Each structure stands twice: as C-alpha cells, then as structure tokens.
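Multiple structures follow.
What follows is a pair of complexes built around subunit A, which joins subunit B in one and subunit C in the other.
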Partner chain A sequence: MNTVNYLEILRLAAPETIVTVTVLIVLGADVTVMRGKSIAARFNVGALLSILGCIFAALLAFTRHTEANLFNGLMVVDPSSDFVKVAILALTVFTILISTSARFTDHVGEYLSLILLGTIGLMFLVSTEDLLMVFIALEFASLALYILTAFNKHNEKSAEAALKYFLFGGMSAAFLLFGFSLLYGISGSTNLREIAVGIAGKGFDPLLLVALVTTIIGFGFKVAAVPFHLWAPDAYEGAPTPSAAFIGSGSKVASFYVLAKIFTLGFVGAEGSAVWHGYLSGWTPVFAIVAALSMVLGNLTAIVQSSVKRLLAYSAIAHAGYMLLGVLSNTPASASAMMFYVITYALTTIGAFGVVMVVEEATGGDAIKNFAGLSRRAPGLSLCLLIFLLSLGGIPPLAGFIGKFFLFSAAVSAGANLGLLWLVILAIAMSAVSFYYYLRVLKAAYVEDAPGEAPAIKVPLLTFLALVLLALLVILFGCVPGLLTQFL
Partner chain B sequence: MLAWTIYITFFGVLVLMLLPRDQQRAARIVALLTAIAGCVVAFVGAIQQANPGEVATIVKAPWIPSIGANYYLAADGISLVLVVLTGLAAVSGILFSWNIEKRTKEFFAFYLALIGGVYGVFLSFDVLLLFVFYELTIIPKYFLIARWGSTRKEYGAMKLALYSFVGSHLVLIGLIAAWVVAKGQLGHASLDLLELSKVAFPIAFQHWVFPLVFVGFAILAGMWPFHTWAPTGHVAAPTAGSMLLAGVVMKLGAYGCLRVAMVMFPEGVRMWQGEIACLAVAGIVYGAGVALVQRDFKFVIGYSSVSHMGFVLLGLATLNTIGLDGAVLQMFSHGIIAGLLFGVVGRMVYDRTHTRDFNDLETMQLGKLLPFAGVTFVIAGIASMGLPGFSGFVAEFQVLMGAWTVFPKLTILSGLGILIGVAYTLRAIQKGFYSDAPPKPVDHAHPLNPISIPERFGAVMLIGASLVVGLFPGLLMNWIEPCFNSPLSMFARLLVKGGSQ
Partner chain C sequence: MIWIVKNLWLIPALPLFAAGIIAVNKQPARKLAATLAIGSLAVGFLLSLCAFSATLGHHGEGVFREVFSFPWIQFGGQWMDLGWVLDPLTAIMLVMVTFVGMLIFIFSVGYMAHDENFMRFFCFLALFAAGMLGVVIANNLFLFFVSWEIVGLTSYLLIGFWYHKPSAAAAAKKAFITTRIGDLGLLLGMVWLYAQTGTLNFYDGGHGCMESTQLVKMATQVTIGGFAVSTVVGFLIFLGAVGKSGQFPLHVWLPDAMEGPTPVSALIHAATMVAAGVFLVARVYPLMAQSPLLHGTMWLDTTPMLIIVTWVGAITAIFGASIAVAQNDIKRILAYSTVSQLGYMMMGLGVGGVAVGMFHLITHAFFKALLFLGSGSVIHGCHEEQDVRKMGGLKKYMPVTFAVYAVGMLALAGFPLFFSGFWSKDEILHSAHNWPVSHIPFLLGCTGALFTAFYMTRQVALVFFGNYRGHQQAGTPSAHAHSHASESSHDPHESPAVMTVPLVILAGFAILLGFVGTPAWPWFDGYLTGEEFKFDLSKLTEPGTLGLMIASAAIVFTGLGLGWFLYGKRPRKTVAEKDVLEAAQPFFYKVLENKYFIDEIYEGTVIRFNAFAAWLCDFADRWIFGGAVMLVKYITVGLAWLYRLTDEYFVNLGFDTGCEALRESGGGLSKLQTGRVQTYLRVIGVALVALIIFLIWGRKA
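Let's look at the complex of A and B:
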C-alpha cells in the first residue's frame, strides 16, 4: 500500500461512518435542543434520530454491491458481510425501540449513543479478515457493552454484573490476544488467509495447539459457551433489560459470524474431525465438546431458574451450543444455516427481553410468578411472548424450528457417514428439554391467574410496535425462510 | 377443495381471537359454524375424489427449495377416512362443550387450532409439512388441558406435552438422518413422501432409524409402554379435549407410523414386525385389564383407549392388506366411539354430578335420572365391545383376521383382551348407570340438569356414524382398500413380502 486514499476508506466504511455521525447528532441534540425536556421526550427524539441513522446506514449497506479488500484484509467489504451489517443494524433498531420505555436513567443521549457505538464496533468486526482489526473491533464493542451493563446506577446488581462482565471480558481479551500473538509468531501474518498458508503443512505442533485453545477460550467467553459462561447469567440479570437484549442479539450475531470466519479461513488444515469413531485432533473436536457441554448444561440449568432473565441467559448458553454445531460442521451450507439461526435467534431474544422489560416495570420483578395471568392483563403482549418462547423452543412454523432444521440437517450432512449425528441427537434431545422450561413461563402467563387485584398492563406504544414487528418477523421467517436464506 | 378444511379452521381461530371477550354465545356459534363448514368440506371433498387409491394432489408449490420442501397437500383414501373422522369429531366436540363458560373464546380458539393442525397432518404429503402440522397440535393440547381441565390438570397437560414433544423429536432425528441419506441417493434434496417412499434406504440404516421414527409417532398412538400420558391426559382434559385426544390426536400417531415410518422404511418394519405386534398386544391386554379395576369412570375409558389403539398397532404390524385395512378402519371407529364415551362420561355425567367415582355414582341411579345418558352409554359400550352392527366389530375383526395369519399366538392373546373389554364395559355400565345399590336420598335442591339439545345432537351424530359404518363398511372400505391393493401405491413396497407370510 503506497498512498492511503482516505476518500476510498470513507466510501467503503460509509455505513459505519453514517452511524458515527448519528452518534454525534444524538449526543449533540440531547445536550442542546432537548435539554430540560422530559425523559420520555428525550428518549423519543433520540431514538428517532438513532433509528433514522441506522436505517439509512442499513439501506446503504443493503443496496450497494461492492466487493473490496483494503490494506490486505484489514477491511473487507462483500455482500455477505454487508448483509450481516444490515442484520446488526436492524437488531440495534429493535433494541432502541424497546429501550424507549425504559426509565432507569436520565442520561438518554449517552445511553443511545453507547448502543450505537457498540453497533459500530460490531460492524467493523464483521468486515475484516485481520486478527488485529478483529481484536480492536471486538474490544471497542465490548467496552460499550460493559458500560451499557452498568448503566442502571440505582441498582447494585447492575454494577456487580458490569464488573463481572468486565473482568471476565478483560481476561478473555488477554487470552485472545495471546492466541493471536502465537498465530502471528507461527505464520508471520495477522491476515487470516495468510495464516492458513503459514500453518499449512507444519503439522500439529504444540504452539499451534496453544494458539488454537487460547483463541477458542477467548471466543468462548464472548459467546458465553460452557465452560466460559459464568458471567452470562449475572450480566443478563443485572444489566438493564435493553442492554441485556443487545448483548444477547447484535453482539451474538457479529461474534458468531467472525468466529466462523476465523476458524474456517484461518485454521484450514487444522480442522481435525469430530465424527463418531473418527476422532482427529483439531479445532472441530474442541468445538464439539464445548457445544455439547453448552447444550447440556445450559438447558439443564435453565430448568431450575425462577428469574426469567436468568432463564433466558441459560437458554442463550444452550443456543450458543447449537450455533457452535453450525460452526464446527464447517461447510457452506452449515455456515449459512448457522447465520440463519443466529439472526432469527437474535430477533427472538430481543422480543423476549422486550416482554420481560414491560412485565418487570409493571409488576416490579422478572420472576416467573410475575408473569401469572399475563394473558388477561395484556393479551397482545402475552401472545408475543408465546411466539418468542415457542420459537426459542423450536416449535413450527416459527423461525426457531426451521432454523434448527437447517442447522441440524446441515450438520448431519457435513460428517461422512452421518458422523456428526451423535451431536445432533444430543442437540435434539436437549431441545426437547428446553421445551419444558419455556412452557413453564407460558404456563404462568396463560394458565395461572394473577394473585389478587391485577389491573391491565399498559404496554408502551413504541415497545409494543417493536414487539409485534418482531413477532411477525419470527413467524414470517419461519413460514418463508427463503426471504432470509437468499442473502446468507 | 380438501385444503379448505385447514384454511377454514384457522380462519375460525382468527375470527375467535378478534371477538370481544364477553361474547360467549358468539364464540360458540363461530366455533360451531367453522367446525361444520370444515366437516362439510371434508365430506364433499372426500366424495368428489374419483379414485381413492391414488394420491390426488391438492396443492403443490415450492416452499423451501434449498432443502427440497414443498407445500404439498394431497389425499388418498386413508387421508379421506381420517379427514372425515376429524370433521365429525370436531363438530361433536363443540356440541359437547357448549357449556364452557370460562374464557369461552380462548377455549374454542385453541380447540380449532388443534383441529386445523390435525387436518393438516392428514393432508400433508411433504414430510416437513406433516411434521410442522404435527407439532402445531402440541401447544393447543397443552393449554386446553392445563386451563380448562379437571383432576391434576397441570400434571396431565405437562406430561402429555412432554411425551408428544419427545416423540416428535425422535421423529425429527430420524427424518434428518433419512433426509441426508436420501439426498445422497437421489442426488437432490427431497422431503416429498411419494419420492421418499421409493428410496431404498440401506438395510442397516433402516434397522435403527425405523424404530426411532415409529416409536416417536407411536408414543402419541398410546403404544404400551409409552402410553402413560394417555390415561392421565384423557382424565385431566376437559370433555372436548378428551374427545379430541382419543378421537383424533391418537390417530395422528398411528397415521404417522403408517404414512411416514412404515412407508419410508419397509425393511425396518419387517425387522421389527414381531416386536411391534408384541407391544401392541401387551397394550390391548394391559389396557383392558387396568380398565377393569378403575374406580374413576374416566380412567376406564382412558385405559380402554390404550387397549383399542393396540388393535390399530397390531393391524399395522401384520403387514398384510386385511390387517392394514382393519387398522385404518379401527382408527376411524375408535375415534367415533371413544369420542362418544368421553362425551357421556365427561359432559353428561361429570359436569352434572361433579364426581366420576363409581362408589358415588352407584348410589345415584343415573340410569333413571339421566335416561338419555344411560342409553347412549349402553349403545356406545356395545359398540366399544365390538358387537356386530357397529364399526368396531368390522375393524377389530379384520385386524384379527390379518393378525391370525402372521401371529396366531398373539391373536389368541388379543382375543383375551376383547373378552376383558366386554367385562370392563359391562362393569362400567352397571356401576355407572344401572346399579342396584341402595340409592342415597336425592338432593332435590340441586336436581341434575336435563340433557341439552347440543348434547343430544352430538350423541346421535356419533352413534349414527358408528352404525352406518358398521352396517355398510363398504362406504369406508372403498376408500381404504384401493390404497393397499394398488401395486402402484406408496404402500406397495410394504406389502410385497409381508402379504405372503
């Protein structure tokens, strides 16, 4: 690279740039024009500006069909990463929509702009093939997420959750950096494709093994896979609900996309094999173990939870296990099935957290018993909850079911002689378990009666709009998955 | 045309959801009209089908091309029989739940959603679509029982939901594995049942995948020893819920066994034929034996369902034309008769007396107080025992004939089951309605309500259906027989060797 063409960089990073400008506008508007107005007004105006910015950026990313590779993979723009950016932006829009009714903070501008900053980090994360950039973008996004977790200053749990999340996150960053530095040492490059060339033919030396394992540990923390999941339940429970929704959605999508990219591009030749009776060391068997543990532990622990947010956290761990199944199958079909699954999962999770938030503000808690009688108190809301939880449980014709079908069928196709069937059987068995705890929440909402006098719950308009939209998307992607799969 | 059974029913769900909460009467009428419309469409569509031996395509449109899934609705004679059964069961179930006062519109919305899913299963010829409709029925079942049920309703509902879900997940494992293997053989992804029925899956593969899929479906058909959801679920369910559970939902399981598991893996069936027959007969005898000693009136009927569904499974295991004919006919027959029995016990008796304990019922002289209920139960009991003139006789007789050539010893054992069946039915009639125990002084402050008009209609309709099929079995056999006899049908592979054994 001889001369740096800044205009070219700005052109390729236009979606990110638009969101950055939006951050400035939102912050600026909040301290100038909106000063002294009510929190509701500030939230609505700030949300409107942020959403407009996101939609503009998403439209741009969606309509351009550029393929570019800047600075040797530091910034890669292609239709696939652009679509993931669109998905992340859409998830951000939904997160912002449900956060408009939140009343835990009066720092409206800062809250919204942190969500947007996190989004920018995630967008950069998905459009790079360079480890250095991966690390920077990941940490950039994570910093925003740590602060978002701590944002409820009136709640001690929020601070505790953030500290826990931050400490775990910092440690995972160290692991990641250690792994990356070893990879650089082995291959002499930070570019994924060059790393693949660099490690090819060298056999499975201990250094590579250490690099592999530390990288997996680092990402294991980020995606909350067992045994690196301990921060997740506390962070989900303590964080303000919209923050938890963002951690569980946008950041999941980006992390899994880049995780799959790093391992499928960077560790070519070190796959090994996780098929039954055909074990070969490499990264896929490690993933297989992590995936199996996540599915089993996540689902079994979720059964005994009484807080719905914790329940969703453990279910997120379990779902991370299913998604890892898509990564370790390591075929184009399984990669697109995994992205379908992550995106629909993220939409569903935001919806579920949105419902939890409304219930929490109306009843003062997120325990399962707080959901009792919801179908009477807020019929529309509980119908949305029904759709989200059934989709998470994998009931057709919702997106969660068809996503599982894609994922599992791709995984079984991947291994020779149905070699990965053992993992799929485990996954399907565990998904049968998961049905039980989702049904527990729904039982409270639909079967039990609210104790004592239970007035109707007033659902904030914007939040409700977002929830209905999400529910419709979950149904739509379940019935016509082609709408989404054509881009993946 | 038949596809409209599904659409009309789900449209009814939508209308019910939009109704205002306090319009109970309107909700009932909407539900009844929807069910009647579905039933009429089912009848007309079934009669219009010129050649029941062939699979007549109703709709076939690409759904998810990447995995070879189509929106493929079609019908052959077997679908026709079961669709008509669903129509009858739906209408009579609504007539028997006319007295639901609590959250009426939600009740009927869940009820119709269940019916819509059932129609969908019977008409799907794409495995994934069939599976979608099959799982779609789980949620309404759960809420119907957990919300409107009686004795230990939440336990019964959860047990039923989990059993169904576990069963369907066994099926899912098998289907995914079969999909991958079929893709390798066909060269393209396919979920089309007709296409899959021609794929020769490797024998070793069929050996393990068949029991998985078969048992997955058979759990819902009440196969012993996975039947335990059935009695608790039936007892906990509201009357219409039990009628549907026994009437059509258990048929979903049996239908899945036949249409998916057996058609796709014919070698697998042959390998496991004996085991299935043993379990079926165990169910027949065990169900009947346990029914004989129950104190709860509804448990008697619940266990009798397990026993009667055993005949369906036995018929399937024979792998000859006459046995399979009998199995399908028994699905219809049991759907009608069990619905009627549950209607009498749940609605006519329990809703009025608030007890199902024989010790209490014995002192009530219900035969005198509710003569209509008494007579209906006697007729239904006779039908259930398998006396000639009713549908049960034709069906069970064919099953036994088919089984005799393959499993003579087991057939004799299942004859024992029929004898016990006579005993528990007579016992129930005697204890429930015509006991000579000294009557307790009748509480005149709370006289029993007379049997209402909707109940009479429902009862007459079901008795009529059983009688007509019993007297003119040809009506249904003309639909069923060609399906198994035609050498071109999807069942042909199944019968090639099995028929001559």
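Let's look at the complex of A and C:
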C-alpha cells in the first residue's frame, strides 16, 4: 500500500467535507447565536445554512469532472457517482425545506445536523466499490435515520417505530455483514471487481448462495422490498413526516445505486436467469421473486390503508418492486432507466410527504378523511398533491409516466425472447391497481366536502415554495426527460 | 396605366361603403341615408365620366382596353386573380348605371318620403348599386359572379321590401328561385371554363379566357353531343343571362317583381339589373362568336350559340309584347314591355353584335326608367292606384308627368327620327333583316314593334285621356257626374319637383341619345368596336336602310293609329267596361291576359312535379330511410340491451368480484403487519431459508 496522501483524500471528498463543516456550523450556530430565539427563527437560520452548504457541495460535485480510485476502490469518484450525490443533496435540500415548518421538536440544530449526517453517509455509500466501506457508510446513514425516526419525543408511536426500525435494521445489518464475510472468504477480497474475479468458476457453491441471499436481505431492508419491508409502514407512520420523506427519498436513491453496483460489478457470472420457463439459479431470479412480491403486496395492501403515510409506505414498497425490475434486467439501459425512476420517484415522494405534513399540522391527522375538501381549503396545495399522486400512478405527461415507460421498455428488451415480459405485465397490472388508492386520496381532496367548519389552510411559505418547485420538476422531467437522462 | 384604371374599384366601393354606414346607423337618419347614397353615386358618376373620357378618341386604333389584376387566392400551385377592366363596354355601362341610378335615387327621396323603412330602402339601393357596378367593371368571371349574386340578393330584398304584403313576399321568392335556375347554369359554365382554361380572367394580356389563344383551344375541343366546348360553356353562361334578363322561358319572375316599390322597378327591373344578362352576353361575346370551326357547312358567318341567342331573343320579344297588350296594371304593362325589349337586345346581340344590342340597352335604360318613374309619379298621384282602368284624364291633373311620359312612350314605340328608340330598334331590325340564317326573327321583331306601338298607345290613352275614373267603385257604372264634382283631395295631383326633375332629365336623354347611333353617324358602333367612321348623311338614303326605315316607321304608325282608333277616340267610360279587344276576340284576349298560361303550365308541370318529388322524398325519408334508421335503432337498442346484460351480470360482476378479491387480499396481506417486531424478524429468517432452498433447488434443476 502506498503512503497515504490525506490532502488527496480531502480533495476527492470535498463535497462530503463541505457538508461535514456545514453540520458543525449549523450545530454551533444553533447553540450559540440562536440560543433563546424562537423555533421558527432557529429553523429558518439553520435551514438556510444547511441549504447553502448542500448547494455549495452539490455545485462542486456537479462541476468537477474527476475520475479517481483511492485505496483500491475504497473511495471511487466518477461523474456518475457525482451526479447521484447531486441528486441526494437536492433531495436533502427539499427535505430541509419542508422541515422548516415542522413543530415536533425544539432541538432544531440536532435535527438538521442529523439529516446532514445521514446525507454524508449516503454520499460515502455511493462513492465506494469496497464492501467494508459500503457497510460502514450504510450503518452511518442508518444510525442517523433511526434517530430521525425517533425524533418526535411527544409521540410514543415515534419511539416505537424507531425501535422497530432499529431492531429490524440491526438484524439486517447482521445478515449483511455475515454475507460480506462469506464473500470475503470465498473470493479473498472486499473489492467488488476482485470479488467478481474470485467467485468466477466457483459454480454455485452453497456458501456463495448464502452470501447472495444475505446480501439481498441487507439491501432488501434498505429499499423496503417484500419480505424485508415490515418495518416500513410502522416507521413511515410513526416517524416525523420530514424524516419519513428523507427515508423514502435520499436513502432510497443511494441504496438503489449501490445495490445495482454491488450486484452488477461483484456478482458477475452469478446472474442466473429469471426468464419465464428459463429459470437459472443466481441473483436475478431472487430479485424477480422479491420484485413480484413487492409489487403485489405493496399495491394490494395499500388499498386498505386509511392513513396516507402508511399508504405512501406501501406505495414505496410497490415502487421498490418496479425499480428492482431495472436492477434485475441488468443492462446499461435498464440501469439508467432505474436511476431515472428512483430520482423522479424520490422527488415526487418528498412532495407527497410535504403535502401530508401540511395537512397533518392543519388537521391533526394523516388519515384520508383529513384530506376531505382540501381543494377548497388550499387549492394550490391540493393541485401539488394531484400532480404528485398522478405522477406516482404514472399519468402522462408527468415524470412518473415516462419513468415507468423507460423502465418497463428496458425490462422488456432485456431478457431474451421477451423473457421478462411476465414481470412487466405484472408490473403494469399492479400499477393499474395503484390508481385505485391514489385516486381515493384525490377523491377525498377534490370531491368530498370537509366535515363541519373548514377554514382555509395556511400553507407555510417555504414549504409551499418547495412543493411548487417539486411539482414543476415533476412536470418538467415528464415533458423533457432528456434533462435528466443525459447524466445517467 | 392611367390612374382611373387603377382606381376603378372606387366606383363600386363607394356605394358599398355608403350601404355599410347606412346599415349601422340608428333609425331614423333619413337625410344621412339619402345623402350618402346619392352622394356616393354622384362621385361614382364623376369617376365614370373620367373613365369614359379615357376611352374616347381611340377610333381606328382597335378597342381601347386596360386591365388591372391582383392575385387573390391560391389553389394548389395556381393563383386566382381578381381584377377589373376598362374598355368602352365598361365605360358606357358605368356612365349609364351611375347616371340613371343617381336620378332614380333622387326620385326615390320623394317617392319613399312617407315610408318608415326609408333607411333600409336606401341601404339596399346603395348595396345594389355596388353590386351592379361590380358586375360592370369585373374582369373576372368569379368577381362577376359574386357581384351578380349581390345584385340578385338586393333584387330579392327590394322586391320583398313591403314584405308584409304576401304577394310581395311571394314575388321576391319567385324572382330569387327563378333566377337561381339560370345562375346554376352560369356557375356550371364558370367551373367548366376554369377547368378548360385555368383562368377566369376575361382579358389578361393574351392569356384571358376571352382572348384568341384560349378561345381557339376551347373551340377545337369536342364534348357532349359533338358540340365544341366553347359552345357548351357559352350556352351554360347564357342560361345565367336568360334567368337574369327575363328571357323566355324564365321570364315569369319579372312581371311579379313589380310588387316592389316603383323606383326599384325602374332601376333594377328595367334599366340596370335585367340588362346585366344582356351585358353578360356582350361581355362573353367573343366566346359566343367563336366559330366551332365547322366551316363550309350551314353556318355562314354566325355560330350555333348566336343562333340560340337570336331565337330566344326573338321569341321573348314577340311574347312579351303580345302579353302587354292585354294587361291592366300600369306597371305590369311596362314589365312585359321590358321583357319584350330585353328580347330585342338579345336578338340584336345575336344578329348584329355587341354594338347593336348594347345601343338598345343604353337607350332602353333611359326611356324605360323614364316610363317607370313616370308610372311611379302617376301611381303616387293617384293614391297608390295601379289599375289603368281606374285612371283616365290625368293629362289635366299631371301635365309634366304627361309630357315626359309621352316622350318615353314615343321613344319606346320607336317614333321615327326624333326618338332614341327608333334608331336603336331600327338597327336591330336592320341587322335581323340581313341575318343569313332565317327571316323569321325579323318578322317576329316587326310584329313585336307593331304590338309595342299599340300597347303603349293603349296605355297612354287609358291613363291620360278621357275622364278620371278613380272615384268610381268597381262595378258601378255611370258615376261620371260625380267624378267631376269637385277638385277634392281625392283627385290626382302632380308630383313634387324632386320627382319630376329627374323625369325631365331622363326625357331629354330619351330623345337625344338616339343621335349617337344613327346610320349616318354610327358613333356608338365605332366607339365600341374601335373602328373608323364618319358623318355621312347619304348612308340614310341607301336603298336598304331607307326602305327598312320607311317600313319600320309604317309599322309604328300602324300600331299608334290602331291604338288610338280603339282606345283614344272612344275613351273608356267606366271601370267595369269590357276591354275593346276582349269584346272583339274574347278567346285571344283571355289567353293574352293570362300570359299564355305560362304560370299555370309551370304550376301544372314543374311545380306539381316538384311537389310530387317532395312528397316522394318525404315518403322515402319517412318510411324507407327512416325505416332503415329505425331498424338500425332497434338493432342497436337490442344489442345495447344485450351488452348491458353482459356488462352487468358478467363483466361488471366479474370485475367487482375481482376488485373485491383484491381488496380482501389487501386486507389479508395487511394482517401480516402484526406490529410485533418479533414476527418481523422471524419473517426475515423464514425468507432467508426459503430463498436459499429455492436457489439450491433451482441449481439442481
């Protein structure tokens, strides 16, 4: 191993470094300058500082065109991972913007710092090709998310959800670490490319199969795919809404990116086949099963939910199923379609959670009946909700439609002889089912009347700004998808 | 290009503009309406004089002709031009229409003074003038057709001006529909012409459809029935002229059109619009006269189309003149006279060319306008009475009207030497006499002339001579004493100056105009054809000309004398008295009085057939097509019922069951979410084992 050039590390990890410095500044400012000020002021100043830091980091990541590989893949910088970092930072900015009106905590500095720390974990997660680094970054990000879930101390559901999330996460992490250790044992390396070389020709060693399944369990937990999704509805419902939005967006983008990386780089030769009547053992058939289960269970269970946050959680599970389709198709086209899908999905989800948060603050609950008469009480807000939910359902010309179109057409053309068509047909049938529950929410907002006295809802300015911006992005990426696909 | 050619469009545009302004103004702005209408025509008249002067002084250089065109609309790769033409034909018509029109407008101010719709009247009149002037200047059959239809529309509106009278409304409808039959021919001819030549411009520097290249092309192509294309197209266009100019057999609308106000009858249904058909034939005369290259056969120096024109004209001339003999409505007599005179014009075009027909058109416009306005003055003076049997002795009450009416009557009758009608009619008869094809049109024309002199004498004798019979009730004889009892307010009275002055001016022209076209000084002929001519009194005494003039004069005198002998010498005593002719020849009188029963024949044939066809269509529509539709309806309803059943009991039920199952499965699956973290973790373990077994089993398979 060469001598370590720390300056080189700092230079390559400059975006992460900037965010780290931002964390310190935000925390420091909150406990010194802003001490004794109102929560709103503290939130606004903290959010401003955080957003400035994120934008600075994002600009840096976006404008540098560096390719570097430090320490045998521990730290890998390339335009692709830089762009994913930009996306994660953008999602963080939106999460912070919708958090500003939240009133569940008075620990403003800590809350914002934790979001930024989670972001740092996710950024490291996407810029490595080494299993150890993957695990460390994943756990770093997860710890921040556990705490964020528990942050509403006035609500015992928040604590319960966090505990469940933590236990489930711990168990998954154990499986993941177990799998990683098996992989290291089989191949003699923690570097993904070397693992691929090491497992080549090993055939289907039972140990390799166990490693495969445990790795899938670890990431299946992160992306909330069936049957590793059980934490998600409880966590989404119990967590403070901005936290849930962050779990559902930034974390998901990074997880999918690194999931695809691990399996397409590290498990070369162990793909197997998921085509209809052409089944071969490997990781793609496992993904096929997980994806199919996620789509069916996520969509069907969402139908019966009465809480919109739980509904969004099951919708997230279903969407994870669609996105796994992009991973298991295993072509460059499907990978870029999957990234397009997950980024636009993350934007839409933050928007949806943002609307839920406003409604929750105004009506005291997130049940579908709390949305009744929303179009009269807050026309702009419900128009944003309409755009987000229709995009999630996949209505043209919104981003959700074009994402599904890219993803499904990539999947259809991936398998030989339309072998993956069965999954695509299932996916399309299940997206048809999904309209039912999205429209239930919209029906409440647009058709039903609010019970009793229903004054107009005052939407916090910053939140509304973020929601409008998100809605415009959803429309923009739906109409001009080239703006996004050129980077993927 | 001289300025007047470029700005010729102003002449029709001014009255159009005036009509627009009148239309949007609030009632009642009588002064404004009259001033605008008369003023626009006065300015138009001055411009027309400029245009006229520009066409003068070109004798011996061929026909003066300048065109102005601009591209208007594109079909595929082809541009259609619109434009106007200034040539002697246009110029002389412009002067005539604007001048006569202006006089009639002025007359109308007096005649319509008490009408509550004065403004509407002037709006229509101005619109009519715009259309008519558009017809005159058009250098394009399309523009011509558009203006032609505007003219037709205003004619309809003005005939039915007193629409509260059922007879007026019916007459308007009749005029519109009858002329429409002719217009159909014109439209077909226009389309065919465009298909053949690719242009609708009359003159276009050698490319127009009235210029030799295109004419020869059309004449050499043979179509249906072995006729040349030029003949068939000419015939179709001629149909339009037949409808508009009231030629037999489409003349039936013109007498009924007298339901309109008298100035309208004078302007539209005597002087200008009905002459538009004659003008159309004159405009497309090169097409009509294009020999279909059948030299050496029976056509000598004429063409099939001109023979048709001649015969139609001759038949119309004698036809109208004979009916006029037995009419009792002052305006109807004049209307049939107009039909007859239009026949003469057509005949003139057929046998003698543009100059002959157009000369009669111009002179007729003046003296017939004079007669109609005179009759208007009479009707006005007699408290809206139109029956000549209830007039009489008006000479005493209306001296000015009587004087000018006499001038008009003598001009129409063709009194020798001093009246314009003599010269123009004589020229037609002269040409007919020399016509190589047949002598019958000439004989018909002469007979018509006899009738003309006779019926005009009859009319004047009945209206102006004898005693006033207006106070008698119809059917009560010998109220003679009473009629002269006093100069009561019910007596006829002379019309105001605003009405009589135009009459006097028109009378002047009715006399003078004849001298521009005598055989001794054929200025008019030279002007239109662009040929040399000189003043030569000896032409008058040439054997052919002189003999014919004497014969023609003899015919006129016979007619006048006969009329005077029958009606003037023994004035009619009572209203109910039988007509002299009726007493002598009841059968013929009956036939003539009923206009040869043409209306009845149409009633019995065309209209009955139409009614039958309508009934048949109604029947077919109701029972056959309607039945088919009903059948389809019942089949559709039956199918719809079937579909509904299928939908309700199979599809929907199935779908509902499916949805229910989905929802229940959702409920079932959500049971998985127990909320107990132990279960959650157990699921992971189970999943791990299941997936590994799945993979290992798959590997073995």
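In the analysis below, the second predicted complex is superposed on the first by the 488 of 488 C-alpha atoms of A that agree within 3 Å, B and C clash if a C-alpha of one lies under 4 Å from a C-alpha of the other, contacts with A are read in each partner's own complex, and residues count from 1 in each chain.
We adopt the following convention: a residue touches a chain if its C-beta (ideal position, glycine included) is under 8 Å from a C-beta of that chain, and two chains touch if they have at least 3 such contacts.
Note that this is a predicted model, so its numbers are computed, not measured.
With both complexes brought onto subunit A, simultaneous placement of subunit B and subunit C is prevented by a clash. Look at A:Leu209: by the touch rule set out above, it reaches subunit C but stays clear of subunit B. In the superposition on chain A, A:Thr105 contacts neither subunit B nor subunit C.
Of the two partner chains placed around the shared chain by superposition, neither subunit B nor subunit C is touched by A:Asn72. By the document's definition of touching, neither partner reaches A:Thr17: not subunit B, not subunit C. When both complexes are overlaid on chain A, the residue A:Asn155 reaches neither subunit B nor subunit C.
By the document's definition of touching, neither partner reaches A:Asn44: not subunit B, not subunit C.
Shared-chain residue A:Ile425: touches subunit B; no touch with subunit C.
When the two structures are aligned on the shared chain, A:Thr331 is found in touch with neither subunit B nor subunit C. The larger set of touched subunit A residues comes from C, when the choice is between subunit B and subunit C. Of the stretches 435-443, 633-641, 651-659 or 687-695 listed for subunit C, only 633-641 runs into subunit B once the two complexes are overlaid on chain A. Judged by the document's definition of touching, subunit A residues 436 lie at the interface with subunit B and also at the interface with subunit C.
Across the interface of their complex, subunit C is touched by residues 163-164, 167-168, 171-172, 175, 204, 206, 209-210, 212-214, 216-217, 227-228, 230-231, 233-234, 272, 279-282, 285-286, 289, 297, 300-305, 433, 436 of subunit A.
In the complex of the two chains, the subunit B residues touching subunit A come out as 64-67, 106, 128, 131-132, 135-136, 138-139, 142-143, 146-147, 154, 158, 161-162, 165-166, 169, 172-173, 176-177, 179-181, 183. On the side of subunit A, the complex with subunit B involves touching residues 375, 390, 395-397, 401-402, 405-406, 408-409, 412-413, 418, 421, 424-425, 428-429, 431-432, 435-436, 439, 443, 446-447, 481-482, 485. Looking at the complex, you find that subunit C touches subunit A at residues 659, 662-663, 665-667, 669-670, 672-673, 675, 677, 679-681, 683-684, 686-688, 691-692, 694-696, 698-699, 701.
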